[in-house]
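Each of the next two complexes has chain A plus one other chain: chain B in the first, chain C in the second.
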Partner chain A sequence: MVRRVVARATPWLLLVAPLVLLFLFLLLPYLLTFYYSVTGATIGHLSNVPLVGSANFQAVLTSRNPPFPGVLFVTAAFTVGTLVGSLVLGTVLALALYTVPAGRRSALLAVYLIPWVIAGVVIGYTWKLMYDPEIGLANTLLEAVGVSPVSWLSDRATSIAALVVANVWAGYGIVLLVISAALANVPPNLILAGQVDGAPVARIVRRIILPAIRPAVLLAALVALVGGLNTFDLIYAMTKGGPLYQTETMALEMYRLTALKGSIGQGAAVTVILFTISLLLAVIYVVLWRREARKWT
Partner chain B sequence: MNKRLMALLSVVTIVGSACNATAPASQAPASQPAATTGASQPAASAEAVKLVVWPRNYTLTQDPPFQPVTKTWEAAHPGVTVELSGAPYDPQFQRIELSQAGQISDVPDIVQLDNIWLGQFTEEKILANLDSYYASWAGKTDILPAYADSTKWNGSQQAVWFYSDIRLLIWNKDVFKKAGLDPEKGPATWDDVMADAQAIKEKVPGVVPVGFPAASQEGTVDRWYPYLYMTGSNILSPDNKTAVFNDAGGQKAVQFYVDLVNRGYASKDLLTQEADAVSASVFSGKYGMMLATVGSGLSDRPEGMTAEQFKATIGAIVPPICAGCQQATVAGGWMLGITEKSTHKDLAWDYIMAVTDGAQMVPFEDQFTRVPVRQTGLADPSKFATDPYFGESAKAAAVAHFPPFIAKYTGMIEFIWTGIQKAVNGDLSTKDALDEAANSVNTLLATP
Partner chain C sequence: MDLIRLSVVQRTLRLILIVLALLFTITPLLWIISIGLRPGSQAIFPISILPSSLTLDNVYAVLFGPNAIGLTPYQNAAVYGITAAVTTAIASSLGGYALARYDLKAGQAVLIVILALSFLPAASRIVPLFILLSASGHYGDPLFVTLAYAAGSTPLGIWLMAGTFRQIPIRLEQAARIDGAGAFLTMRRVILPLAIPGILVVATLAFIDGWNAYSLPLILIPKDTAQPYTVALQAYIREVGFGNNWSLLSAGSLVGLVPVLVVFALLQRRLVRVGGLGSAIRG
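Let's look at the complex of A and B:
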């Protein structure tokens, strides 16, 4: 009897510690964020805070400094740019590595993964130097081909693109890793059959390899999307969301409101909005995933 | 089952990552530098007493101002130990606020505060009223009047000046030489700035003649205020209830920046540059001149640069003035305050007196080119031999202004720097940019 109780209880006892940790460090902060979003909490006043209803959301959505649609646009542009850039660069590099003999492939893969393991802040400051209008590599290269220097990080037209390039460089590694792993599982017979039939490389890639690695591409896209949506350190190091909020993403807006202005309530409201957007993206992802899964079965 | 599990995990990954990336601000304070408190024990008790002091981090990496005096003070106070716990700028502000809010259990007895935090900390009842201590403090008359006034809030003394920094115009002597200018003579007026900038633009290719911080940070407004004050304008009305920086004087001060950009003497790239970066660029010769903080002038010189090399490289002068304007500049710096929650206020005051004592502070002020806040210090230049521009600092200290000490100051300056940025970037006219900023400030000030 005792033995049976112990046997039944053991899995739950083993789960208690991780569940408590999960609650304390994941679920509780989520719940607190939702709670704070409807309160007038500030950094100096976090307990017994008054409920303010939707006032924080109204303040965020109607803010003029910066206008919320602008923040949303910058977040979307940066995320989409990061997603597309990382996916294209990571996939192309993975396909290129696929043509290299296995021994050299591992060494090259390790080299290409270096940016991915470097801290975002370091990458941010490095790229900031590259974009420096006077001494930066970017303008030096432009001048070498007779093009006038560009104010990469202060010009509205180029600042988001400049950040995207830096973030793609920082984040393509994970896409490369996922796609490389998937490519290793593509049956060589299929490719051989295509080659025997005289199909050109582009067609083999398009018709055989890419369809075979679609689930991996979907996974890599998810990771790149999340990476883009959540990027904070790199943007903070390069522009701090400026000038004039033109590179202010929702992650930076949350930080600015919470940590710099001390408005925990408004910062939490931005977080809830971002949460909602993430949830919508998650639903879209699940729909796509299930559609893909049906094909496997 | 596996597919469902993967889908579920994916949802958790997306949503969880989004929240983790954006939510930590409410959790971040927990990771602030910690200090154990002994403040709950009365000073009169026979038990050991720990005086918890929260200074800025960099003051602990050098001998003065804390290290030697703390040992001496502890020796003179048996049973009392001083615990020093440093923090960088933003975490310093946050940990003081969080301690007051009870979100962290650590309670300091003494905090080092930026002068711009005084109003907020006083209104939030973080700082104890020090009037009774000031009443019996013989040394209070030694504090420069402008400085002594700036530790007051609503007529009551809330802190003690620790050390100060002041805004002077600095220039790179090599750049001036190459431009055919006298490297020992800085521009005294705005017209001189324009003339010198033109010479640099013409004769020193690759160098931006003038720099000023214009990024989204406090340094942007701080370096602009001297130009504002010298026109006779101010930031707020005398009752601190209305913005006045958008008057004719304020517009003139911003137009100075706009003109520098429009004439090609300054670059719009400054919109991404903070004060320290611009200062470093003057040192390196990338920029010709800027209004800088002295205190981050000599002390921020590149690693290995001696005071002599500093003098040979950089010149400094009180801020150049506009036609018909009065000499003015802005001072900032750090104060020490006793927290309302401290149960060792007498000991804390005694310790503050020991640390901020004029003679004890001189080596620190000399070594790091801080501006003395005491008249006896300013009167004895021989003790400040390290600072080649001590005379200019002393002149500037006599015309120093301070930003308004109100709780909403740290919130309202974002509107001011945004206004400056919009004018410099050409998004709005100078008047419209400042009017928009003033409207936002007025709305903020009117909000309970």
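Let's look at the complex of A and C:
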């Protein structure tokens, strides 16, 4: 009797430590954030806070400095740019590598994946250096071919584009990896059948390979999407949201409102908005992940 | 026979694409290396693409010179990385083993919630953790920041360890038990040696995340002496206008790059395989 109780309890005893860790540092902080988003909490005033209803959300949405639609636009432009850039580059490169012998392919993959292990902030510094008006490689190359230098990070359009390029550099390796793994699982017979029928390579790619890897592409797209929405280190290192809030995304705004302005309530409100968008994507992601993970393990 | 036969044109296109992507990936790294390792007198406008001489002066200046950030920020990052790695490895092994060896109905649901939360990148946790640590009086405590990073790496770790343990035949465990080995001895002599490769990958991923930590220490740790190199390097950035100290900023970044590139090089085969499955963790 006692043995059976112990045996039934064993897995849960093993799970206590990880679950406590995850509860305290992953779940509880979000629960608190939802609570504080409807309070008037500020730094140094976190207990006995008054409930203010939706005032924080209204303050964020109607903020003038910077206007919220502008922040939303930068967030959307940066996220979509990252998504499209890393998805196209990752997918096309994965297809190109598909016909490369396996040994050489994994060596190449390792090189493409180097940015993956570099700190986001160091990636930011690296690209800030690339775009530097005086000693950046971008302008040095432009001058070498006789084009006048561009001050990349001082205008809204060029700085968003510059941030997107940096973030694609940081993230396309993962897209490449996810899609390469999916390509390796496309049944060879399907492709052989296409060969035997005399289909040209372009049609085999379009009709056989792309449909077969569609779940993986979607998975990679979601990863890039949520990654783009939540990028902080890279943007903060490159532009700090400036000049004059021109590159401020929601991720930077929640930091600024909380840590610099000291308004915990408003920072929490932005976090709740971003969290809700990300969570919706996460639900789709989990469904897809389970389908993919089953195939790979 | 090749699965797909390419024409000459297609082969050429393939080669161009692969080389362009290589250039795209490597060029920024070469540039920061070239700025970090050339004498400061050559890191000014107009700049030559190739330095005429290479030196470690900047690296020395970052660590020991008058404007140095010193060794402390790197030591701090190492503490973050190693503590996060150990914590993550232990938590993931325990959780992974429980999920691999026991049929838990509630376990599946737990796992899905964990996975959904782990999908949210570090940035969305900045404000929540700031609130948590402020409200609980642990603001400024590096240990809690480390645990936060470990918690971020643990969900993927649990998934990977559950997979690792599932691949170890349960009969090996049963045989050891029949031979009279207790649960602890079985764990130490039979299971752990076979699980080491998986544990190594989980620990490495957590180490990289901890070593690279930036946003959470930036906000949660006000003390300069406890900041990692990622935050300390800001000393070389001028907020307004020109005048960033690029020589030292680049050299300092390179010092920070070395450890992650080394562990990546050592484990890249395994990491590449895992990365395909667990890419979500690093946003």
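The working rule: the second predicted complex is superposed on the first by the 274 of 297 C-alpha atoms of A that agree within 3 Å, B and C clash if a C-alpha of one lies under 4 Å from a C-alpha of the other, contacts with A are read in each partner's own complex, and residues count from 1 in each chain.
Everything that follows uses one rule, which is that contacts are C-beta pairs under 8 Å (C-beta built on N, C-alpha and C of every residue); 3 or more make two chains touch, one makes a residue touch a chain.
Everything numeric in this text was worked out from a predicted model, so none of it was measured.
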When chain B and chain C are modelled together on chain A, clash or fit: clash
First, second, both or neither for A:R4, with chain B first and chain C second: neither
Chain B or chain C, by number of chain A residues touched: C
Which of chain B and chain C A:S151 touches, first, second, both or neither: first
Partner chain in contact with A:A110 - chain B first, chain C second, else both or neither: second
First, second, both or neither for A:H45, with chain B first and chain C second: first
First (chain B), second (chain C), both or neither touched by A:Y285: both
First, second, both or neither for A:Y125, with chain B first and chain C second: second
First, second, both or neither for A:L244, with chain B first and chain C second: first
Clash-bearing segment of chain C relative to chain B, given 128-136, 146-154, 164-172 or 272-280: 128-136
On chain A, the residue positions that both chain B and chain C contact, one per complex: 26, 29-30, 32-33, 36, 43, 46-47, 133-135, 226, 230-232, 240, 251, 254-255, 258-259, 264, 267-268, 270-271, 274-275, 278-279, 281-283, 285-286, 289-290, 293
Touch list for chain A against partner chain B, complex: 26, 29-30, 32-33, 36, 43-47, 64-65, 133-135, 151, 153-155, 222, 225-226, 229-232, 239-245, 250-251, 254-255, 258-262, 264, 267-268, 270-271, 274-275, 277-279, 281-283, 285-286, 289-290, 293
Of chain B, residues touching chain A in the complex: 3, 6-7, 10-11, 13-29, 90, 94, 97-98, 100-103, 124, 126, 206, 208, 214-217, 267-272, 286, 410-411, 414-415, 418, 421-422, 425, 427, 440
Complex contact set, residues of chain C against chain A: 2-7, 10, 13-14, 17-18, 21-22, 24-29, 31-32, 35, 43-47, 49, 87, 90-92, 94-95, 97-99, 101-102, 104, 107, 110, 112-132, 134-135, 147-148, 150-152, 154-155, 158-159, 163, 166, 208, 211-215, 219, 230, 233, 239, 242, 244, 246, 249-250, 253, 256-257, 260-261, 263-264, 268-269, 271-272, 275-277, 279-280, 282-283
Complex contacts: residues of chain A adjacent to chain C: 10-12, 14-15, 17-19, 21-22, 24-30, 32-33, 36, 41, 43, 46-47, 89, 92-93, 96-100, 106, 108-122, 125-130, 132-135, 137, 140, 143-144, 169, 173-174, 177-178, 180-181, 188, 191-192, 195, 201, 204, 220, 223, 226-227, 230-233, 236-237, 240, 251, 254-255, 258-259, 264, 267-268, 270-271, 274-275, 278-279, 281-283, 285-286, 289-290, 293, 296-297
